[in-house]
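Same chain, two partners: chain A is paired with chain B first, then with chain C.
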Partner chain A sequence: MRAALVIAGKDLRQRLRDRSAIVIGLVAPIAIAALMSLAFRGAETFHYTLGVVDDDHGPLATALGGVLHEPGLRQVVTTQSLPSAAAARTAVRDKTVGAALVVPTGFSAAAAAGHPAALTVVTGADNATAGSVTASIASSFVAQLNADRLSVATALAAGAPGSEAARLQSLATTLRLPLTTVDRSVGATPLKAVSYYSPGMAIFFLLFMISFTSRSYFVDRSQGMIERIRAAPVRPHEIVLGKALSVFAYGIVSLGIIALVTTAAFGADWGDPLAAGALCVALVVAVVTLATLVMAVARTQRQAEGISAVLVFGLALLGGNFVFLSAAPPIMRNLALGTPNGWALRGFTDLATLGGGLRTVAVPIAAILSFSAVAGGLSALLATKAVRS
Partner chain B sequence: MGDDVLRCDRLRRTFGARVAVDDVSFRLAPGEVYGLLGPNGAGKTTTIKMVCGLLDPDGGTVTIGGRPARDDLSVRRMVGYVPQDVALYPDLTATENLAFLGRLYHLRGRELAARIDEALELTDLASRGGDRVDSFSGGMKRRLNIAAGLLHHPALLVLDEPTVGVDPQSRHAILERVDSFGRTGMSVLYTTHYMEEAERVCDRVGIIDHGRLIAEGTRRELVAELGQKDRIELAADGDLETLAAACRRTGGVERASVADGTVQLVAADGRRTLPAVIEAAEHAGVPVRSVDVTEPDLEAVFLHLTGTALRE
Partner chain C sequence: MTVLAIARASLTRLVRDRTALFFLVVLPVLVIVLVGATVRGFSTWKVGVVDEGAGAAGQRLVAALDRSPDLAVDHYPTVRAMSTAIARGELNTGVVLPARMDEAERGGSRTSVGLVFEQANSSMQAAATAVAAVVRAEGVRVQAAQFATAQAGGTFATNLSQAARLEGRLPRAQVRTVAAQASSSILPEGFSYAAPTELVLFVFLSAVAGGAATVETRRLGIYERIVAAPVRPRDVIAGETLNYLVIALGQSLLIVAVGALAFGVSWGDPIAAALLLVCWSLVGAGAGMLAGTLFKTPEQASGIGPVVGITLGMLGGCMWPLAMVSPVMRQVGHATPQAWAVDAWTALLARGGTLATVLPDLAVLAGFAAVFLLLATHRLRHVLAG
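Moving on, here comes the complex of A and B:
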């Protein structure tokens, strides 16, 4: 164990002296997490400006205005009055509004007379979501209107006097369609982009330790240092353990600093410190076992670099370090659970949205440690053999 | 002998079908400098790696300080290994390299610092301890490579061709140091394919070729094996292999081989044989340009024993 600590100390000294390691371990993840958070800021909650053209000036146009200012919609839509349909098209094209709704001249009168009338939704090709939401609002309003008309017609057909028609119509407009959906969010807090991409990027760059460590081993070997160390009173497994300890220490410190900086500077939420720390430790253990496995399997430095590159980018892509997994197709979400970084991201997401402590991340930690046990068992077997030979 | 620092008995090591070391036995007494002399690929490095525990022998035993070397880590503290290629971290300073290796040999604190100073002093690098190794010249790296092997005061220093690729001045400095190690009581196992080095620094020499130790003794003992023979070196214009073949057919010539742009001969009586050799060269169409008849040396011994020159 003493020799392993000596080797780990030396490796850490070399790594800290290597500026590229500092850049990749600390500067790059913080910078990219900040950039991605900026890029995706607002993507967590949807909101747009809706242009409204009132050429009707009738009661239905007024009623539609009332609907658009209801509290439920105010979180999603801000309205802006526009003078004409042409102005609405220009505003959508210029992106000053996300979409527009045109209430045509005589819309209220046509509805009262029982003639067909249409609301026009103006949408832009680059903001399909705003177009869809506007169309839904318009459809919902028309459905309510038709329901009102149906209820008045039903009352009249049932024998209500014709003189009551106006009063019934007024009464019907105060009624609402029954609610068909109820929002019951599982997460207590919405997930902010910075709270996803901070651990996402920290983990992605942590995966580069696989490449650094295996390369360092093969450089040591080509410089004759592994042989020189083996000639000393050192057992082969102590050399492997020393390399692993240096990765572990560096990985923990790197994740810790990134968590502190992104929390303080960008408001990232890593969740309960103890639970986040436990998740970090489990993940770094997985990275250590993967680095050792590459050392054991590769025969040359070039092979190690190739295997590491495939592993790093494969895990990052599958694990969801670059994209919100919640927005990914189900197959991607399932594949992510085959990777330690995918489980770690799930853990950090749960901590940021559900809150809680160690219990929240118990399953992700168990999954990562199971992965590490398999990779670690294989690498312990093969790496000691590789160093000996 | 019970007080041998190193004892190798019937060492054997194969790599696939190739036998790298075959039935090699030798001993080193305390303070003795023992040279393993042989051409490249003779089995010197394989032997050394078995001595240092870096390779397991297929057969035979290595005993260091009376204890079997295999799987006994404490035995390794008795051995200082200086590999053939410089094995140091270029991005660490000389002192950091020595401190790292010293800690692996359980040195620490003041003792470690004192040993580092001593090793740097001994290899004339005291003023460069704080400099990174990648700023060193080739000769300085070689000296630091040796310093790293001396750090823990080993009873046995193993030097694997320490002067390969070194300028003459550094080479001289290294040989002077090796010469002094024996006088301090440290045993040295020294491999080389340079006959002059073996003659200069080694108390005894083992000649190794094709994995077998074919002769062993002091320089005087080995040369005496040749009897009253002489070593003749011919410089000539033309096909030297043809000249060597012609010489072999000449009476009195026992061995002939091409090395370093000359033809090397071992003859029973150099002065008597020489006229016949020159005549044979003329007949072969490779006229002799110059002749040098010398007392036998280890080169002649090697030629006599193997039929080939050391650097052929």
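Moving on, here comes the complex of A and C:
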């Protein structure tokens, strides 16, 4: 055991002396997670300024103004009065407002007289969302006007006598749309981008350990280091254990520091510490077994570099470390669950949104450990075969 | 001649390195496939639907939601499963169609459709607004049919189809949408978004990571040996530059070809696009050479190089449109050459731009390339002078 610890200590010292280990293990993941959270902050909180042109000055325009200031909409829309439709177009083009809504002259009077006019939504090509939200608000507003007119027309078409029209009309104005919506809470905290990308980037750079470790093994071998260690009373499995321990320690420390820094500096939510810790341990175990697998499969340093590079980027791409997987089509979300890093990200996502502790991450941890068991078993099998031959 | 020989030697070394080929050829294509399939709609809301037994009325509402161009509808078995999907960010909002909704509509009573979202999250609020508009539009016909059934008789079903027929003919208050400007400063969705941005990202990233080869050459003392022969230092520099330029151009052309042939990306005005490719390859060549002279070990180049490439790519709008970020981040982003290249591709692909439109961007890129190449030449000259 002592020999294993000595080997682990030597590997760690060697790793830390090359500054790229610190860049890859700490600086890069934190910097990239910070950049991502900065960029996505705007996308998470959708808000726009709506230019409103009131050429009507009638009761309907006032009612529409009331709708725009309803509490639910307040965090999505801020209104700004604009003098004319032309000014609205200019403001949208100059991006001083996200979209504009024009209530034309005589809108209220025309609706009362039975010749309703159109509300105009001015949209810009760069803020399609603002345009569609404005259109939704406007069409929700005109729905009641139209419903009342359509009700009278349908009743008349269904056989109500024409002499009844006036009575039906006044009756219709008291109607309320029979189909309404009622807000229900999700019962979970929506996922923040930073809570996804912090573990995402930490895991991506952790995967690089597969390359470093397998590479260092072949460098050691080519320098005759392994033979020299074997000349001492050190058993082969202690060498393997030593290498594995150094990867393990480096991985846990790197994930731990990134978790602390991103939580403190950017408000990332890694969830319950115990559960997050267990998830990290499982993941580092998976990385260790993958590194041994590469060592067992590769014959030369070049091969080890090639195989691990493909493995690292393949896993990162499939597992969702680069793209916000939740936004991806279902097939890609399922593919991600074929990778240990994909399961880990699913675990961190659930910890940050659904909450809970070890129970929340039980399935992801089990999946990652089964993956590790397969990779570890396979490399043991290959290693024994190599020793025999 | 010497220049060509040096470039050829470096290229041969690269072609024999299968790992390098993976990063140059396979990875960019994989990422384009992945991003192209993922980046769908910066303006489409994803809506989940749970039907608790709403009957025909529920189906009509789902059909209406499906018809809305702003919404993408997905079905879920339980409210719990849907809420989990909303929390994970897989959906922007959820709709719960209540049991016996159809009976309620027929019977002339009011129904409430559940909207599952978190009010504190404004994108969810915006998605809910879009869904609510569809629900209200559906309510217009239901109100008319209920009113007609109560006032004039007949069945709800016939009155509902009558209302649907009349709705198109009746003068009604409408919502007209006019575009203030036709051109966008965001690339089109899907592969037309993924291909140009990944081109910008990968040509630069591969070049910087490829600096490892130059570091290796330096470490092995190959440059000293070359200069010991009657070879002028400037030929060595030209040869290396040519090597990087050929790699960058080759990779660009590959991405252009794959984008056009496999994913139907139209790359815009051919002359402007070609010049943009050349300018960007020069930027890549300069950055790669510079990396080759700055890094001390090949591990640093292949480890830190991609990190630098990815970070600059993020700042420069390769990962998300810069139109989406704050003005400060947008300005910071334009300190990177990536932002200018993505701007130029956006002008070509989204606005049908021509050479005249992208000339300022090309000039900036040429400036970046010149600075990188000059710095790299200066440093390499230093190395060659021993």
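The criterion applied here is as follows: the second predicted complex is superposed on the first by the 339 of 389 C-alpha atoms of A that agree within 3 Å, B and C clash if a C-alpha of one lies under 4 Å from a C-alpha of the other, contacts with A are read in each partner's own complex, and residues count from 1 in each chain.
Heads up, the rule we're going with is that contacts are C-beta pairs under 8 Å (C-beta built on N, C-alpha and C of every residue); 3 or more make two chains touch, one makes a residue touch a chain.
None of the values given here were measured: they were computed from a predicted structure.
J.: After the superposition on A, what does A:17 contact: first (chain B), second (chain C), both or neither?
T.: First partner only, chain B.
J.: A:75 in the overlay: touching chain B, chain C, both, or neither? Say first, second, both or neither.
T.: second
J.: With the two structures laid over each other on chain A, which partner does A:230 touch: chain B (first), chain C (second), both, or neither?
T.: After superposing on A, A:230 lies in contact with chain B but is clear of chain C.
J.: Any idea whether chain B or chain C touches more of chain A?
T.: In the superposed model, C touches more residues of chain A.
J.: By the touch definition at the top of the document, which applies to A:140: first (chain B), second (chain C), both, or neither?
T.: A:140 sits against chain C, while chain B stays out of touch.
J.: Considering only the touch criterion stated at the top, classify A:84 as touching first (chain B), second (chain C), both, or neither.
T.: A:84 sits against neither chain B nor chain C.
J.: So, does A:309 touch the first partner chain B, the second partner chain C, both, or neither?
T.: Touch status of A:309: second partner only.
J.: Of the two partner chains, chain B (first) and chain C (second), which one does A:117 touch, if any: first, second, both, or neither?
T.: The second partner, chain C, only.
J.: For A:96, decide between first (touching chain B), second (touching chain C), both and neither.
T.: After superposition on chain A, A:96 lies in contact with neither partner.
J.: Between chain B and chain C, which residues of chain A are contacted by each of them?
T.: Chain A residues touching both partners: 18.
J.: What residues of chain A sit close enough to touch chain C in their complex?
T.: Checking each residue of chain A against chain C gives 18-20, 23-24, 28, 31-32, 35-36, 38-47, 72-73, 75-76, 88-90, 92-93, 100, 111, 114-126, 128-129, 131-133, 135-140, 142-160, 164, 168, 171-172, 175-191, 196, 208, 302, 305-306, 309-310, 313, 317, 322-324, 326-329, 332-333, 349-350, 353-354.
J.: Under the definition above, what is the set of chain C residues touching chain A in their complex?
T.: Interface residues on chain C, with respect to chain A: 17-19, 22-23, 27, 30-31, 34-35, 37-38, 40, 42-43, 61, 70, 83-84, 86-90, 94, 96, 105, 108-126, 128-133, 135-149, 151-154, 158-159, 162-163, 166-167, 170-186, 297, 299-300, 303-304, 307, 310-311, 314-315, 319-320, 323-326, 329.
J.: Spell out the part of chain B that touches chain A in their complex, as residue ranges.
T.: 52-54, 73-74, 76-77, 79, 81, 83, 85-92, 96, 100-101, 103-106, 148
J.: Which residues of chain A touch chain B in their complex?
T.: Residues in contact with chain B: 2-3, 6-7, 10, 13-14, 17-18, 223-225, 227-235.
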